[in-house]
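Labels A, B, C, D and E are assigned to the chains in the order they are written; within every chain, residues are numbered from 1.
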Amino acid sequence: MARVGVFVCYCGANIADFIDVPAVVEEAKKIKEVKISVLYKYMCSDPGQGMIRDAIVQNRLTSVVVAACSPRMHEKTFRKALSDAGMNPYMLEVANIREHSSWVHQKDKKAATEKANDLIRMAIAKSIANEQLHEISVPVTKRALVIGGGIAGIQAALDIADARIPVTLVEKSPSIGGRMAQLDETFPTLDCSQCILTPKMVDVASHPYIELIPYSEVIELDGYVGNYKAKIKKKASYVDFSSCTGCGACTQKCPVKVPNEFNMNIDKRKAIYTPFPQAVPNKPVIDATHCTMLLKGKCGICAKVCEKGSINFKMVDEVIEREVGAVVIATGYDLWDPKPYEEYGVGRYKDIITSLEFERMVSASGPTNGVPIRPSDGKVPKNVVFIKCIGSRDEAKGIEYCSKICCMYTAKHAILLHHKVHDSHAYIFYMDIRAAGKGYEEFVKRAQVETAATYLRGRVSKIYKKGDKLMVRGEDAQIGQVVEVEADLVVLATAVIAPKDNPSLARLLGVSYDKYGYMSEAHPKLRPVETAKAGIFLAGCTQAPKDIPDTVAQASACAAKVCGLFAGDTLKKDPMVSTINNEFCSGCQNCVKVCPYQAIVTEEIPLGHGSKELRTVAKINEGVCQGCGSCVAICRSMAINLAGFTDPQIINEIVAI
Amino acid sequence: MITLGLLEKNTFLEAVNKKSGANVLECYQCGKCVSTCPVSSYMDFPPREIMQMIKLGLKEESYMANSMWFCLTCSACSGRCPREIDIPAVMEAIRHLAIEENYRSENKKVKDIRKFHDIFLDMIKRYGRNYELRMMAEFNIRTRNLFKDMHLAPKALLKGKIPIGHESTKSAKAIQRMFKLAGKLEKEKR
Amino acid sequence: MNKLTYFPGCSAHGTSEEFDHTLKLVMKTLDVQMEEIPDWNCCGATSAHVMTENLALALPMRNLVLAEKLENKTMGIACASCYSRMKGTKKHLDENPEQAKRINSTVIDEGEYQGTVEIKSMLQYCFEEIGLETIKSKVTKSLSGLKVACYYGCLLTRPKDVTQFDSPEYPMSMDLLMEALGAKAMEFDFKTECCGASFSISNTEVVESLTGKILEVAKESGAHLIVVACPLCQSNLDMRQPDIEKHSGKKLDIPVMYFTQLMALAFGYPEKELRLPKHIVPVEAALKHIGDPVPEPEKVKKTKKAVEAESEVE
Amino acid sequence: MDHSKQIQDIASKLFAENKIDYFVGYRQNAIDDSQVPYLISDPAEIPRLVFTDRSVFNLANYLKPEHTRRKRVGLVVKGCDSRALNLMLTESQVKRENVYIIGICCEGVLNEKGEKAQNCIECVMPDAVVYDEMIGTPTGKREYIVNADIKELATIALEKRADYFEDIFSNCIRCNACRHSCPLCYCAKCCIDQETSTLYHGANTSSGAMHALMTWSLHLAGRCVDCRNCEKACPSHLPLHLLHKQNESVIYENFQQHLAGMEKDDRGAFYKYSLSDPDDFIL
Amino acid sequence: METEVKEAQGKIISAENPDIVAPADWQPVIMGILCNWCSYAGSDLTGTSRIQYPPNIRIIRVPCSSRVDPWFIIKSLQTTADGVLISGCHPGDCHYISGNYFARRRFLVTKKLLNFVGYHENRVQFSWVSAAEGPKFAKVVAKVTEDIKKLGPLHRYKKENF
């Protein structure tokens, strides 16, 4: 006979004001299994938990029902109280009478009370069918996988490796460095991006605990926290990295010229190339979509000039496997294509460029040797108009959110423009200046005062051509007048968006993503680096737009999380997993098909007691099982059950009202 | 100086939102409408400022402004608005509210514009269709500016640009009935 | 033979008779039978919606109800203002059936409103229903050598959710149509800037400044003439030109023609059918450019290789 | 349609070559002109094997796991039977190497009244889809026809339909013959018989029957091949096909025209999904 | 299979059995089965945002909408509930990757089958409510409650209870 204790919480006034709590307590007493039913102001407080502990011992309770706030809030708290009293913590059920009753039926106390009664009845009925469960412990593979070799991935990999935990760093492009490598100088200190980034890149390459796999992608991830198995596709580079010395003879002699994506297609690179001079690893790869040898079997000059014989046109993609315990996603960001701004003539006017194109132009190692030019005629511009919020904060054409970094880098661009072209002038159309950060407002002031950039508050409405100038029309709300600026060059601060591959990567990794394609963190405030999937973490812009300091901070936080995860030899896991009753399993294996985690395998068991003949049944890997219950619902013979949510428990709830 | 009290219930904002179907609160004052608007420089308050005035509940000031009378309903602003606010509908809503509540601007231009529209509607009421020369003439008579555009008239007439005769719908009665019933509907609404 | 319900609008029988006339010629060549809505009335533009909501809906509704009685369910509208009023009204009525019922009571003598007529501007009709290929096939006299600036005005493509046609910022349908006739459409930034039509009588000062800017930019684009698809645009741009020249001191002298006039010309109708004398700014000089030698487009040096995904080989 | 001779020849051959231990076919019933399933292990009984348009039963039901685990069986299957067999193979209930399948290109069988049976009129696949040896000329897949009965029922008023089905369910005597006659009901222990569920599935009442039959039909949804063994077995003559055909039509219409057992390794509509599945019924 | 909802003066007539009439203030019981990660979290958010909705729903927490076996629905209708609402994560957002896609198929077939044997289609409803959609949850519950209130008490198969 079950002996249930019911503990009803006032939650201060939160519950008591809208539910007749004493009546609820009395109602619960009418159920014959209920041995004690009491109320208290704050069940979650120490005295409240003490009440539960005492009642368990005194009344020899077999299960406990707490009627309080959502189980998502305090289930863990109360479970701990149960185990402190020597009871199996999973004999607890929480009736959610706050979020589900008192807070949502504040105008009808009677109905709210009735509902609370029912919710408690359901919880009591369920708790009677509860079973004793025990935490599962699983072993851990102490190796981390970092996806993406931008500054976020680099920082995370270095921090984890410094804790002497092996790291596999996978980068999609031929070199690590990411977006930061494309930048000229960085706000708010104007230190050169290359100067602070390249030493870290070299550290990655030489770190004994880091395995760098460039020009490759993660294509599959199986397993679960502590025990992931990743498949990594190494794209064919057609260059044997082990023998290549990076002398560069091949790239010099290659006759095929291709738009250079690292320089935003402003200049050309070769079909065999290293993305930029400081690339790590500094080994070239062949772009198979443009190499005439690979396309038509003609040329092969690179192979002829290579003294080491490192060129191998027969190389194919290779899939390698790595067992890892944790994953850090650091896939960075893309920039929004401003095509929808038809009123600006984007696409029609060559002298409208994006901010990253400008960044490459002013970069000393960039395609124009650090001098901004007009793409239409190659002249150095004097009047440059910068327009912020292109795509950002624009529901109609772009995205709703603020891209966070544009205010700062536009101020930087104004300063850089002044550095490179002394007799130039920068006009900046803005809506708001968002400069919250250490040294940021001071930096904007520098742009406004030292550089004397003209800030005009208003969104630009139209750009049209007049002679060889572009007329930029917008309101300056400060003076309440429409102004037109004669521009030589217009720079659009395009929005930061999630990489377009993010959703497919998220699905592959089994983590969720938001409507913009950014990876979702487990909690926006309290768990900002974890995903909802245990053992997978987020660093940098893959989660939301961020500047470099924030990105680095989050990457280091990821590293701390990974190190924490790997601190012990095993992991503890909730016991809410599926179990199979072999007696009923007919071995149809449909459950294997629906399991999203490949947690179900088959095994051969004796046909009967002592029988030599075997039959096939399903078997659940409880380390892998996440407890979704898909298999339970499709098992026709009810051979599978999900601990904590068994059929009897749920049916008890249904019929309890 | 305007003193802003406790805005307990901004009835003006509610009325404008209801009539226009837009939500003025969405405006974040980027000013793209102002530089888009071909006539914003003629307005007392350009669209952006009107939006803010509605938010502040400045009813009289809005009604007495000439902005909504200058709005050409060309929809350029709403097409470019990053928050997709139907600004012409907001302008139209203020205009209709001002008419309903009998606010009359003393601004000469506004008076002219209103007069023109009155004549136009009168023309339709009488003939069912519109007749440009007659309209132009009547407008000039009513605005006591007999010779406005007269230098254009001979040339236009000479070139057959503006025909002398005019036509009307056969069932002018139906149109008159429509005017009467529509007017009644307008009153019922209030 | 295609059938088309036709709503000419007040100007077609007034100031823009040449538009109406050439439109009918063009449609004849294109094998479209136009049926004018019997006893149509003014749509109310540009005054009804300014003053009263109900009347602004009732006037177009009467026309819609009359049009629904005809067999054909596609309606072509010549004037952009009428087009915008009618299509906007239809959209509003369809979205607010209750109000539609109320407004219907004012024109109930004509019948019940169903909402079955599809509304297109004549430009849209030519572009979407007839198609450039058919139009091209009817061209007997190519307009090559003629450079035109296509001016759409505000209401042909705006608001986008009402018109559902072309880009509201940089439309290309008329440009493509002109190219099909052999003319060259110039890059023209003020395609959809407003000309201030509704103030053409009441507030000429505004109109002059707006049209002045449009004409200036059109002139700068190198066009010989401006092509329009709306009577109000035409009369504003054409009639106000002498005044603008006088006030600004700048010589403009750029004629403004309807796209149908040029279509008629290309289809082989004689010039007198275009009713050219009705234009305030003389057209004849501009039309002399037809047949001007067209510079050959620059030959691509390595045609074959240029096609290959942007890559080039030294 | 009379393939008796061919079947007898094949059976003889199989026994002679020692390829099978058992042969399952049909024999004439002694009391009327109907046929009953016939399992033989002795070649001497081969002459009693027949196959005509009276061979209505689905013999795949004779292949529950214990049969083929040790013994090799020769089996006659029509189109629908073969689809059931296909599913059983996919669901690992039959060892393919231990079964010799004689597939029939079926021309349709008769009902008790001697007319062509409804499921044969509406049959989508008369030819066997899995076989070692084929008898007859294949005519191929036919167009899917929505069952005439459910089409008719869908048109009548809700409360009338509810009455109709309450009648059906109250006539169920819970003998479980339907389940035992179904080749796809091979579970070691049916959920309806289990301790945990008997508590809730109810007693022999219309309510209990409703629950049991609905659950049963949902377990067969996307798997039922419309052989109507269940209906033939039902002593109360309940129109059990209604439930199955209803599910089948919903699945066919909404889930890429899925039909049970048509392809090898297809497990049924509930064990896969498409991103484009209907979503409009969800708020 | 659309069926009209009958209305009578001041009374509610059961959609499935016109003989059953309930008073106008009759309150249905609705069984709500919510997935833990999206809809249950969403319903918690409704609570924390204090958005009010009708009190007729009784909520059961399951890990995922794919845990919902159709017989839970049938059982609810047979025993305690006048209607059932099942809610899960939006397609693509399932915490368990694909659970809701499998569930969606079962739900459609179950809903149609129940309608076929004589339950009004509004008795069983489904929704996708994310953890962020507190207001949507309230809206969904209000709609479902209103729908089911119109249908009147569910009487069939209940007389014998179980």
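Throughout what follows, contacts are C-beta pairs under 8 Å (C-beta built on N, C-alpha and C of every residue); 3 or more make two chains touch, one makes a residue touch a chain.
Just so you know, these numbers come straight off a predicted model, no measurement behind them.
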Target chain E, source chain B, minimum contact steps: 2
Touching groups left behind when chain A is ignored (all other chains fixed): B, C | D, E
Number of steps on the shortest touching-chain route linking chain C and chain D: 2
Taking each chain's C-alpha mean as its centre, the one farthest from chain B: D
Higher-contact pair (C-beta pairs counted), A-D versus A-E: A-E
Approximate Å spacing (C-alpha centroids) for the pair chain D, chain E: 34
Interchain centroid distance [CA atoms averaged], chain C/chain E, Å: 54
Centroid spacing, where centroids are CA-atom means, of chain A and chain B in whole angstrom: 51
Sites on chain B at which at least two other chains make contact: 80
Set of chain E residues in contact with two or more other chains: 75, 92, 98, 102, 106, 162
Where chain C touches two or more other chains, by residue: 168-169
Interchain contacts, given as pairs of chains that touch: A-B, A-C, A-D, A-E, B-C, D-E
Chain E to chain A touching residues, read off their complex: 27, 29, 31, 36-37, 40-41, 43-44, 46-48, 50-53, 55, 58-64, 66-69, 72, 75-76, 79-81, 92-93, 95-99, 102-103, 106, 138, 162
Interfacial residue positions of chain B with respect to chain A in the complex: 28-36, 40-41, 46, 48-49, 80-84
Touching residues on chain E, where the partner in the complex is chain D: 1, 3, 15-18, 70-71, 74-75, 78, 91-92, 98, 101-102, 104-120, 125-128, 140, 143-144, 156-162
Footprint of chain A on chain D - complex, ascending: 65, 69-70, 91-93, 186-191, 194, 196-197, 199-200, 219, 267-268, 270-272
Sites on chain A touched by chain D in the complex: 583-590, 593-594, 607, 613, 615-616, 634, 636-639, 647-648, 651, 655
